[in-house]
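Two complexes, one shared chain (chain A), two partners (chain B, chain C).
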Partner chain A sequence: MLTFVARRLLTAAITILVVVFLAGVLIHLVPGDPITAMLAQSGNASAADIARLTQQYGLDRPVWQQALIYVGNVLQGDLGTTIRGNEPVAPLLLGRLPNTIALAVAGLGTALALGIPMGVIAAVNRGRAADFAVMLIAILGVSIPGFWMGLTFIQVFSLHLGWFPVAGTSARNIVLPALTLGIVHSALVARMTRSALIDILNEDYIRTARARGLREREVLMVHAMRPAMISIVTVVGLVFAHLLGGQVITENVFSWNGIGRLAIQAMLQRDYPLVQGFIVIFATSIVLVTTALDLLYGLLDPRVRRR
Partner chain B sequence: MTVLPRLTLSALLLGASALTALPLAAETTLTVARSVDADGLDPQKVSTTQSSQVTDLIFDTLVSLDATGAPHPALAESWTISEDNLTYSFTIRQGLTCHDGAAFGPEDVVFTFTRAVAPETMNPRLSQYGPIESVTAEGNVVTVKMTEPYGPFLSYLGSFALPMLCKGSVAADGAFAPIGTGPFSLVEWVRNDHITLKANDAYQGFGQLVENKGRPHIDTLKLVVIPEAVARMAALRSGEVDLAEPSLEEAAMLSGEPGFKIYSADLSGQQVMAAFTWKLPPFDNPEVRRAIGMALDRDAYAAIAYEGLVSPTTCPAAPGLIGVDQEKCAEWGTKYDPDAARAIMEGLGYTPQNPLKIKLSVHALPGFDQMHQMMQQHLAEIGVEAELETREVAAFFDQMSQENQRTEGMPVLWTMGYSGVDSDYMTVMWQQPGFVNMGVGAELDTMLADQRMLTGEARVAKLQEVQKYLLENTYAVPLVSPGWNWLWASTDKIEGFKTGFVASLIFNDVKKID
Partner chain C sequence: MTDTALPPRRFRLPAALRHWSIATGAVILAVVVLAAILAPWVAPYDPFRMGSGPRLSPPGAAHWFGTDELGRDLFSRVLLGARASLGIGLAAVVAGLGLGVSFGLVIAFCPARLKGLLLRIVDVVYSFPDTLLALALVAFLGPGAENATLAIAISLIPFYARVTYGLAAVERAKPYVEAAQIAGTAPTRIMRVQVLPNILQSLIVIGSIGFSSAILSAAGLSFLGLGVQPPSPEWGSILASGRNYIARAPWILIFPGLAICLTVLSFNLIGDGIRDLTDPKGRRRRG
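Here is the complex of A and B:
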C-alpha cells in the first residue's frame, strides 16, 4: 500500500511540475501583448513606455527562459506579481479560492440532491414513462446554457420575486449560482446513477435478495445503492474538479467573487502571471482530487493497488 | 412627591422618550455597479479608466480642468512658468488635510513626483509626466524643472492620471495604502467584488466641474462589480444599486422610460476613428483613402449604430480638447459624399463588379459592431469589398502592430479609439513608430514634437496644423465621440451625478432624494 501511495504522489508531483512549465510556455502562444493591451487603455501607449515595461516585466526574454524562471519561482512558492496593478498573484488567487470551493461544494451538493434521486427513479422504472421523463429533464438540464439559466433565475427570483440579491458573494447569494451549477451537473450524476443501478439490479445477488423476500426498498437501498456508489463517487470527483475551474461563466453571471472570474479577466488582459497562477492552482486541484480518488480506489479495491 | 415634581419628572420622561424617537439623520449610501473592478488603487501603478475612476475619488490633482480643458488652481493655488517653458513653480495651498489626518504640503508633492518617475515604481504613465529633470520644494513652492519644454504638462496634471499622493500612502516597508486629499477615503476593497469609500469630512474641493466644494452629500459610496450587463440592469431595476453602467441597448431603452436617467460622458476625451495600413497599396494612394473617407457616413453611425447617444466628430482629437475645432476639421477632412467617392474609385478601376478587396479589422465594443456592418455596406456601394475580422482587444492591437508594418498583402481599414485630456495624445499615436506602429513620417513627427515645445495660442495653432495634415492626407477618418465606458444609468432618485474628462466619475454633488 505504501509503494502504491508513494507512486501516486510522485506521479502527481511530476504532473504538477509539467503543468507549471507548460503554463509558462503556452500562455505566450495566445496572440496579444499584455503591455500594449494595458497601455492602450491608459491613453498612453507610447512606444517608449511599452519598451520600458516590457523589459521591466522580463517579457523581452526568450519564452523558454521565462518559463524556466517561472518554474523556479513556483518551486520557491512565488507565483509572481500581476502586470495589472503590480500585486502578488498568490494571495490574490488564494483569497478567492474559498469562495470558489464554497460554490463548488454547494453546486455539487445540489447536483447530487437532484441527480441521485432522478437516476434511481429512472433505473427502477427502466423503459417506462418515468424513465423517459427523468432522462428528458436531465438532458434539458445539461443542454440549457448555464449563463442563460443563470440570467433567467436572476430575472425570476431576484427581479420579479425579490427572494435573492442579484449580485454579490455571501450565504444568500450562493443559492442561485449553486442551483444553476447543480441543475447543469445533475444530468451527469443522474445518468451515471441510472446506468450503475441498472447493471447492479441485474446481478444474481439482487435476484437472490428479492427471492429471499426482501422488500424492494431494502433491496435498492442496501444491496444495490452501496455498490453503485463506487461509480457515483467517480463522477462526484470529476464533477467537483470540474466545478473548481469550470464555473467561470456562472461566477460571472452572479458576480460571485471566485478565481474563475479573476482568471477570465486576466486572460482578456493577457495578465500572464495571473493566468499562469490560475492554471497552476486549478491543475494542482485537479491532480490532488484525482490522486485522492486513486488512493480511495486503492483502499476500497486491492486489485487497483496491484496494478 | 408633590404634584410639581411629578409633572416635572413626567415632562422629562416624555422629553427623553421624544428625543429617542426623533429620527437620526440617516446615513446615505450610494451603490454603483460597474462592469469591471480597478486593477489597483495605486495611481502610479494602474492604467485602466476603471482604476483611475476610483483613485480619482481618493486623490486630488494640482490643477483642475474646466469644461474647455483650461487649467485652474486646485491643490496648487497658483503657478508660474519660466519664459523658456522649462521651469514650473507651484505654490501649494495651505490648510489641506490628508485622509490620515496629516497636513498636505509641498513635501507630499515632491514625494509624488519623485515616486512617479522612479524606475522601480514601474509607472505605466511615466511618459505623461514629461522630461522631468528635478523636483524641489522651498517654503510653500514646489519647482519642477524639465530638460525640454513640455506643453501638455498642466493638462496632464489636471487629469486623474497624475494625482497627488500623501506621503502616508507608502509605509516604511513599501506597502501602499491609498491616502490622499480627495472627496472620499478608502474603507475597504475586496478585489473584484466591491470598494467601499466614505466621505471625507475635511474635504476642500477645487474641481471646476463641481458645485459642492465641501464634503460630499452622500456618506458612503459603494462601487460593486457586476460583470453581466443584464444582471447590472436587474440590480438597478430592483433597487439593489442606484447607478449602473448600462449596455448600449439598455441605455437606449431606458432613455425613454420614466423613473430612469441616462448620462453620457460628453467630456470623455474619447475619439473613435478609422485608420489605414497606408504602407500597403492601394492605401498608399491618398486618393483611395480619401474615397473611403467620403464613403463613411459618421452621422448615420452616431444616429443608428450608437442609438443617438454619441455625436459625429470630424477632428483626429476628441471634442473639448485643446486645439480641437470641429468646423475647421470639417473643412480639412472628408465629407460624406458617396457619389464622389464612387467616381474616384471608378477612375482607379474599382467598381461593385470589380471591387477593391480589403480587410476591415476591428475589435468588439458596444456600438462598434453595428457601425462596422454599416461601414461594410457603405464601402460596397463605392466598389470596396471589406471582409470583417473581429478580434478581442489584446489580440487586435497585436495584429495591428504587425499589419501596420507590412508593405505587401491585403490592405486593412481598421477602427480604434483613443482618449486623453490633451490633444497631445496624437503624439503617442502618430509620432513614429507610433501606437501599434501607426506612425506616419518625419514631417508629422516634427510638427508633433514642436507642439510639445509650445504653450498657449502657438501650441493651439501647431496642434491644428497636425490635425490638418492628418485629415488632408486622410491618414485618419474621425467618426464619433465618445465611444466606450461612457454611459451611465440611474434611477430618478439620484441627482447631481456627473462625468468628467476620460469618463471620470464625479459624486461630489450627488444627492439621493425620496
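Here is the complex of A and C:
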C-alpha cells in the first residue's frame, strides 16, 4: 500500500512540474514580443520598462531556461505580478479560489445527484423505454452548450420568474450556475453508472443473491450498488476535470467571481502572468483531485494497488 | 495500456445507415451542411446589413428569427453562422487528426522506453479537458477565428494520438509488419505505406467523434470573445452580442443556441452509433 501511495504521489508531483514548465513555455506562443504586447494594453511604457520586464520574465534567455526560471518561481510560491496594476498573481487567484471551489463542489454534487439515479434507472430497465429515455436525455445533455443553458436559465428563472438574482456571488446566486454545470455533466455520470451497473448485474454473485431469494431491491442496493460505487469513484475525477473546463465559461455567464471569470478578463487584456497562474492553479487542482480519487480507489479495491 | 486492447470491429456504411442514431444524426447534419453551403443564396437579407428591419423585432413573416440589436436579420446570420461553426470544426478536426495520427504512429514504433515516456506525456495532456486546453492556447495565440481553430486542433491531438497508438500497436504486432522490418523497410515507410492504410478507415470514423467537441469549443471561445470576432456571424458570437438583450429579445438567444445544439447533437448521435457498431466487445448492451 505504501509503495502504491508513494508512486501515485510521485507521479502527481512530476505531472504538476511538467504542466508548470509548459505554462512557462506558453508565453512563446505570443506572436511578436510578449512584453510589447502586454504593455500595449496599459499604454505608455518606456524602453526601460520593456528591458526590465524582459529580464524579469527571462525572455532574453533560451526557452528552456526561461521556463525553468518560471518553475523555480512557482515552487517558491511566486506566480509573478499582473501587468495591469502590478499586483502579485498568487494572492489574487487564491483569493478567488473559495468561490471557484464552492461552485465546482455544488456542480459536481448536482451532477452526481442527477446522474447516478438516472444511470441506475437505465441499467435496471435495460432495453426498455425507461433506458432509452434516460440515454436520450444523456445524449441531449452533452449536446447543449453550458453557456447557452446558463443564459436560458437566467432568462427563465431570473428575468421571467424572478426567483434568482441575475448575477453576482452569493449563496442564492450559486443555484443556477450549479444547476447548469450539474445538468451538463450528469449525462456523463449517468452513462458511466449505467455501464458499470450493467456489467455487475451480469455477475455470478448477483445471480446467487437472486437465487437465494433476496428481494430485487436488496440485490440492487446491497450487492450491486456497492461495487458499482467503486467504478463511479474513478469517473468522478474525469467528470471533475471536465466540469472545471465548463466552469470557466459558466462563471462568466453568471458573473460568478471565481478564478475562471478572472482568467477570461486576463485573456482579453493579455495579462499573461495572470493567465499562466490560472493554468497552474487549475491544472494543479485537476491533478490533486485525480490523485486523491486514485488513492481512494486503491483503498476501496485492493487489486488496484498491485498494478 | 492499450497494447492488449481489441481492435475496433469493421465499420460498414450500409449497416451504419440502418442504425437509428446514425440515421437520425445524418439527417440533421445533412440539413445543417446544406444550410451552410446554400447560405448566401438562401439568406433573405445581407447578414451584415444593419437596419434590415426594426431593431429587436420579434420573429415574424418578414424576419423569421426576428432581428438583433442592430436590426440585422437573425435568420440570415444564423444561416451564415453555420459556415463559420462547421468550417472551424472541420479545419480543426482535419488538422488535429493529421497531427495526432502522425504522433500516435511514431509512438507505436518507438523503442519501449521512449514509448513509455511519450505515452505518459500524451496521457498527462489528455487528462485536461479539451476546452481548457483550447482556452489556454488561444489566450497566448490571441483572439480570432484562425487562432481559435489552431487552438482547438491542438487540443484534439492527445485524443487522436491515443486512439492511433492503440490501433497502430495492434497492427505492429502482425506478421506483415515484421516481414517488412526483416526486409529492411525504413520504419517511416512501414508507418506510411503499410500500417496507415490498414487503420485509415477506423481513424476517419473515430475522427468524426472529435467534431462535436470541436464545435462546442469553437462556440464557447467565440462566446467569450476569443474566437470569431464580431460582426462576423458565428453562433457563439451572436449569442455573446445578444446576451445583453435577452430580457427584451429572447429570440437572439433561442435560435443560435438551437443551431449549436442540433449540430452537436447530430455529431453525437452519429458518434454514438459508430461507437456502438465498432465496439470490439460486440454490440454494446443496449436493447
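The rule we apply is simple: the second predicted complex is superposed on the first by the 266 of 307 C-alpha atoms of A that agree within 3 Å, B and C clash if a C-alpha of one lies under 4 Å from a C-alpha of the other, contacts with A are read in each partner's own complex, and residues count from 1 in each chain.
Everything below uses one rule, namely that contacts are C-beta pairs under 8 Å (C-beta built on N, C-alpha and C of every residue); 3 or more make two chains touch, one makes a residue touch a chain.
Bear in mind the structure is a predicted one, so any value in this text is a computation, not a measurement.
Trainee: According to the stated criteria, A:Pro31 is in contact with first (chain B), second (chain C), both, or neither; which is it?
Mentor: Both: A:Pro31 reaches chain B and chain C.
Trainee: For A:Gln155, is the partner it touches chain B (first), chain C (second), both, or none of the two (neither)?
Mentor: Touch partners of A:Gln155: chain B and chain C.
Trainee: Determine, under the contact definition given at the top, whether A:Arg96 touches first (chain B), second (chain C), both, or neither.
Mentor: It touches chain B, and chain C stays clear.
Trainee: Which of the two partners, first being chain B and second being chain C, lies in contact with A:Leu299: first, second, both, or neither?
Mentor: After superposing on A, A:Leu299 lies clear of both chain B and chain C.
Trainee: Which of the two partners, first being chain B and second being chain C, lies in contact with A:Asn252: first, second, both, or neither?
Mentor: In the superposition, A:Asn252 touches chain B and chain C alike.
Trainee: In the overlaid three-chain picture, which partner chain does A:Leu268 touch, first (chain B) or second (chain C), both, or neither?
Mentor: both
Trainee: So, does A:Ala6 touch the first partner chain B, the second partner chain C, both, or neither?
Mentor: Neither: A:Ala6 stays clear of chain B and chain C.
Trainee: Report for A:Arg52: first if it touches chain B alone, second if chain C alone, otherwise both or neither.
Mentor: After superposing on A, A:Arg52 lies in contact with chain B but is clear of chain C.
Trainee: Counting contacts the way the document defines them, which residues of chain A are shared by the two interfaces, the one with chain B and the one with chain C?
Mentor: Residues common to the chain A contacts of chain C and of chain B are 30-31, 147, 151, 154-155, 159, 252, 268, 270, listed in rising order.
Trainee: Contact residues on chain A for chain C in the complex?
Mentor: Checking each residue of chain A against chain C gives 15, 18-19, 23, 26-27, 29-31, 126-128, 131-132, 135, 139-140, 142-148, 151-152, 154-155, 159, 198, 241-242, 244-246, 248-249, 252, 263-264, 266-268, 270, 272, 275, 279, 282-283, 286-287, 290.
Trainee: Name, in rising order, each residue of chain B that touches chain A in their complex.
Mentor: These residues of chain B touch chain A: 33, 36, 38-40, 42, 45-49, 51, 119, 122, 124-128, 161, 190-194, 224-228, 230-232, 234-235, 237-238, 240, 269, 391-399, 401, 418-420, 425, 427-428, 433-436, 502.
Trainee: In their shared complex, at which residues does chain A touch chain B?
Mentor: Residue positions touching the partner: 30-34, 36-49, 52-53, 56-57, 82, 84-87, 92, 95-96, 147, 151, 154-155, 158-159, 162, 165-169, 252-255, 257, 261-262, 265, 268-270.
Trainee: Chain A touches which residues of chain C in the complex?
Mentor: 21, 121, 124, 127-132, 135-143, 212, 216, 219-220, 223-226, 236, 239, 243, 246-247, 250, 253, 257, 260-261, 264-265, 268-269, 272, 285-287
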